[in-house]
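Below: one structure, written as structure tokens.
To keep things simple, chains are lettered A, B, C, D, E and F as they appear, and every chain counts its residues starting from 1.
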Amino acid sequence: MGKLINNGIRLDGRRVDELRPYKLEVGVLKNADGSAYIELGKNKIIVAVYGPKEVHPKHIALPDRCVIRCRYHMSPFSTDVRKTPAPSRREIEISKVIREALEPTILVEEYPRTAIDIFLEVLQSDGGSRCAGITAAALALADAGISMCDLVVACAAGKVDGTMVLDLSDIEDKEGEADMPVAVMPNLGIITLLQLDGILTHEEFKQGIDLALEGCRRLHEAQRKALMDRYFKTAPNQEVE
Amino acid sequence: MAAAKKSFIMEHLRKAHMIELLAKGRRLDGRELLDYRPIEIKCNIIQKANGSAQVNLGNTQVIAGVKIEVGAPFPDTPDKGLLVVNAEILPLASPYAEPGPPDEEAIELSRVVDRGVRESGMIDLSKLVLIPGQKVRAVFVDVSVLNVDGNLIDATSYAVVSALMTTKMPVLEVSEGGGIVEKAEYIPLPFSTIPVSVTFARIGDSLIVDPDSEEESVMDARITLTTVEGGHLCAGQKGLAGGLTYEQIMFAAETAKIKGQEIREVIKKAVASVG
Amino acid sequence: MGKLINNGIRLDGRRVDELRPYKLEVGVLKNADGSAYIELGKNKIIVAVYGPKEVHPKHIALPDRCVIRCRYHMSPFSTDVRKTPAPSRREIEISKVIREALEPTILVEEYPRTAIDIFLEVLQSDGGSRCAGITAAALALADAGISMCDLVVACAAGKVDGTMVLDLSDIEDKEGEADMPVAVMPNLGIITLLQLDGILTHEEFKQGIDLALEGCRRLHEAQRKALMDRYFKTAPNQEVE
Amino acid sequence: MAAAKKSFIMEHLRKAHMIELLAKGRRLDGRELLDYRPIEIKCNIIQKANGSAQVNLGNTQVIAGVKIEVGAPFPDTPDKGLLVVNAEILPLASPYAEPGPPDEEAIELSRVVDRGVRESGMIDLSKLVLIPGQKVRAVFVDVSVLNVDGNLIDATSYAVVSALMTTKMPVLEVSEGGGIVEKAEYIPLPFSTIPVSVTFARIGDSLIVDPDSEEESVMDARITLTTVEGGHLCAGQKGLAGGLTYEQIMFAAETAKIKGQEIREVIKKAVASVG
Amino acid sequence: MAAAKKSFIMEHLRKAHMIELLAKGRRLDGRELLDYRPIEIKCNIIQKANGSAQVNLGNTQVIAGVKIEVGAPFPDTPDKGLLVVNAEILPLASPYAEPGPPDEEAIELSRVVDRGVRESGMIDLSKLVLIPGQKVRAVFVDVSVLNVDGNLIDATSYAVVSALMTTKMPVLEVSEGGGIVEKAEYIPLPFSTIPVSVTFARIGDSLIVDPDSEEESVMDARITLTTVEGGHLCAGQKGLAGGLTYEQIMFAAETAKIKGQEIREVIKKAVASVG
Amino acid sequence: MGKLINNGIRLDGRRVDELRPYKLEVGVLKNADGSAYIELGKNKIIVAVYGPKEVHPKHIALPDRCVIRCRYHMSPFSTDVRKTPAPSRREIEISKVIREALEPTILVEEYPRTAIDIFLEVLQSDGGSRCAGITAAALALADAGISMCDLVVACAAGKVDGTMVLDLSDIEDKEGEADMPVAVMPNLGIITLLQLDGILTHEEFKQGIDLALEGCRRLHEAQRKALMDRYFKTAPNQEVE
């Protein structure tokens, strides 16, 4: 028996292929052009999108497309030990991979000479905050009316006590053998984020991606529902679609 | 936060209109001059923090989180714990906020709220000493501003006070060797009075409380006065590039006492609801 | 008997409504467009004004008025314990409140698209350095020929050993119950700075402001004399006015 | 490093041309899609470092130097030494590199290479402890990029691994009082497996390894997969603003195993030659 | 400090005029080529500092203040106290000075003055040790430049030396437990020789001392040579984008000795006047 | 007998007027417009030149000449104790004096409104790294085809165990009495860098400069040979000149 999985049940009571409880909400901030909020396990992340808008300084504007900027930031109280407010190297790298996970779906040529800013604030962190952030950020982009060819949704798989599991919690991420965040454009099947930390056989690697994509599929349902709730719930008892 | 770029003609028109309206005792959103917008306070929303509170003041939204650590006291106050208030106006909060270290507006916000709490004597820092001169508790109150719609000082102040009031910290014991042992038991922070700030804007000759962003964009001067339980003043800060008359200041001081008591009840109720 | 006041006499020998010794001088620096120097108690502060001048970067210029910038800075040797040269959060806040105390008197519309820089250097600090700095800065602005509707003069009152007193020294500021810096446009009676740290009843608050304004009145006389000395002392024995 | 300023029309033409060529299985410099450029590795080139290696990957040139110091462990890993990988893209390396603190590209480079080494378990950090919780060896691997011509991740990774493999560190003894005494003897770092990264670029529908600068300027997506001895994967990182299909990823994983083993032999040979 | 924006035609004319004048042995302000402007030195002007001096060199005005603290020695000099010289060209000193961290000009200024003092052996740092390898006195000499009118190096150097000569520091005793006890008694810093810098500007073929701002704006090269009591050289620094002939350097070395001795007397007199 | 010189022989076996072994190479980097590499004793320094090129930001361009920028930087592994990558005050000062040692020879008026960047990276440091860097940087400028009125070559002299010696090593620099780096335009005889740290009589000062200039003369031969090797070695057995 492992210390993290017993009889197929994980410390928090989940099965190996189960997601943590989640909650998605669209349109949560007044000033932003688009916004969304996600809870996934203990993660609480809020995302705002501003743009397309004028670029400052002007020389970074591009004549044939928009510039995408992204900031992933953790509030000082979001972590077990207080985090200083200045961006860490980890936050800078994660900002980059999140931007690159979202950019493939944005029709950047529609907005020449402009910028789109995506700001993610982690109010409380748990394992998989970058994935949860991507899932919420795609909703915030949609809420801002940005042209996209698909949504993006993300979920991690990993190896814990020798078993491939879905959606690692904080302790599973720290004590487990491997963690692999994956983001995908769900309708096009294009993978836009893949990271791996830890040793996997090629078979486990394939299993992990399959598992992560299955998690993404379920979260994508939740994304669709959140957008419905926001845009098509015209009367309380009239569910659209 | 960079000042909003303004169309200067529109700005003058809007200001003229607002002054006219205020002279009749009315505001754009229908409030009376001395009305606050609705204040919503939700405590204990961040489980990883020792204490936390979200305050919505109209559309202004802020979250305060308290983290308690063990640190060294300042050399000149060996017998006092540490209290650090730090507010960040996050870039997601406004089209004019930008990523980067706090600018002078955010620094003033942090320091005004910090002084309101500190000078009120709300937290008895002398009770946070573990080993005098060596180890004390350090109380970090960090505030993330999520949406800017005016009067950040009051929203931040109420969030900080509410978060402190709901803070639980582990019992710590000093072992013989000078090590610190954390117990599984939790106790509240030693706090007494509840400081409440009340912020006024002067627009033309009118004094209003709790300005929203639109009112702030045309205000001439700002003054914040903080009172303690019972109504005495404990902190004040005039801001912006305009002045105030002697009478306006005296009126603000009286009003801060009255409105402060009302808001103090709102805070108490919110805190009690999670008690 | 208190430890800071005995029989109405303070540690430095002053009565409760007495200012510390002061000295004001105008036009002390060659390069600056305007300058002034103040000593108040142990405070020694020098102020320079540059402008109205071109603004860099240009996009911060305003089409209908000038931009006022202000820096309050303490030399490393000015304090009891050496201060690092980088600006502290305290210095940044004080720079802001000083700027906002001075700005109401400057006819900013007369200088569109320009900037006025006000630099205060505290060579030696004592209680009340922000007030002393404002009093000197108003003189430096006048020396630079900037159009103003009035001077500005500042002075603190506070509560020490239960008594309201004028112009707190370092030790009274640290050991006393409350400190309240006030700045005023002396002819117009408009208050342009007010801060309060410490508990006061409403009656004490009013007393404090009255006391501070009385201190301002006396320092304003000194301001006028300093300007006279600089500009109208054409012959030694011929006092102008 | 700022992105190269591009003539947009020329860029589109160049990309179209390259895609056409790649579809025929050819590259501008004559390589096959899965060919690396020549890899030259010279070890022990910096005598003041504990270990060092220069890697030339085509015209990409990097130097890694290892310095070993004594430091304090992180509070949450009191029984482990420290490993810090830091890469700087020097301003002399490219017309687009600029002096200043590392930008996001350099930070990603450092962190991807760091994770490749760390997650492989190459260095047994638990063997670098001197006094548990107090003093451990800190292994700093600094990389200076001297000339940029694509695929910095792999060049940096091979330089870091080669430098670690040739590192000699003084024997240290803990004296009774807790002091550290340095002996005149030198021992190698305790390392086991050799992690090897293989970086792919997707251009259009083609997947190539080891892109040079010209190929990088038109690539749609990038993926790096690192394997350990025996072929298991230990680290991965997708980059850039394009995506990859499931099949492309699986193909990359298989290829990373095969190419990784070839390059592992190159590294072993270079290290053995200074043995 | 940003270089002054210049009208290029005016600059060339001014320079031509100045070269002509200097060829006749005259300067714009009437000085001879090897004349200093009046040097005023006032010591002990900052009571909160351990030592201080203001130097006016013509219209160049600087203040140096000395603060003495207890700190840890550098690991490689466990038996020496610390000396740190830091100069800031304050934004109030010139229309071209800007707020912010010291630029290369201010850093060179600090380091040249620091080396002049340090290499002269003026301060015997080995006498500032309290507990070898652990606690030493740290002597901070901070300089605030208040008005820039040329030759900051010499003005700063004289202010630093004068401030050090008038410094009083508390007697410190090391208690048995290794604590430091401050006595009410004050003693001077242990100093011996007085280093004096002499700075030359080359304009065309002429070498002048103590250039003012106008002369600096057209000078081709600068050289500072510092001598100790008795005339030996102890430090030197050539600056600016022009060169010097062998003969010019030898002439400067001889002149530095002569002028240095004159200025040394001025410093001694100023220091003596405050007892 | 001194501890650093015995019977006229230094710790590393050199006579007092001998240079350390050196090696100079031109054209070592592909991307740079010009480059060079030097080894001198344990010093290993690589230099790149970029330019003349457009200046950013534009307002620092000069209408009648080019701007010369220079960065001397040490790799973290180049020193006995690891150096943090951020530039130290020492590196900033040395960058300035190196720039000012090279600038006199550059015909800056030929390149109005442009910039020339000189980047020196110390891969391994020993005594005299600024001099070695200048000697290599002059070659890199020549390799970049920058118009110059002469080369620049640099070498230090100093006082060790009471004797004037040429080209101080690390330990001689640290334990010796004085160090004096000198740079010269070898054909014009103009001295473009002179620093002195440590006490010298006027006679020793003159001796030191003479010694340093003699070292420069020899290194200049090596510079010429390195340029020949790069540019005129058309066939292996055909030495040009």
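Note that in this section a contact is a pair of C-beta atoms (placed from the backbone, for glycine too) under 8 Å apart; a residue touches a chain by one contact, two chains touch by 3 or more.
Given the structure is predicted, the values throughout are model-derived calculations rather than measurements.
> For chain B and chain E, which third chains touch each of them?
Output, common partners of chain B and chain E: C.
> Chains in contact with chain B and with chain D: which ones?
For chain B paired with chain D, the chains in contact with each are A, in label order.
> Determine the centre-to-centre distance between chain C and chain D, using the mean Cα coordinates as centres, and give it in whole Å.
58
> Need the CA-centroid distance for the pair chain C / chain F, whole Å please.
Centres of chain C and chain F (C-alpha means) sit 52 Å apart.
> Distance from the CA centroid of chain A to that of chain D, rounded to the nearest Å?
27
> Would you identify the shape of the chain contact graph, picking one of line, ring, star, complete or other?
Shape = ring; chains linked end to end, path closes on itself.
> With chain B as the start and chain C right after it, run through the chains round the ring.
B, C, E, F, D, A
> Over in the complex, which chain C residues touch chain E? Could you list them?
Touch list, chain C to chain E: 29-32, 35, 42, 44, 46-48, 50, 53, 71, 73, 75-82, 85-87, 117, 119, 121, 123-125.
> Where on chain A does chain D make contact in their complex?
63-64, 68, 89-90, 92-93, 95-97, 99-100, 103-104, 178, 180, 185, 188-202, 205-206, 209, 213
> Can you list the chain E residues touching chain F in their complex?
Going through chain E, the ones touching chain F are 8, 104, 107-108, 110-111, 115, 119-121, 221, 223, 225, 228, 231-246, 249-250, 253-254, 257.
> Would you pull the chain D residues touching chain F in the complex into a rising list?
46-49, 52, 59, 61, 63, 65-67, 69, 86, 88, 90-95, 99, 101, 140, 142, 144, 146-149
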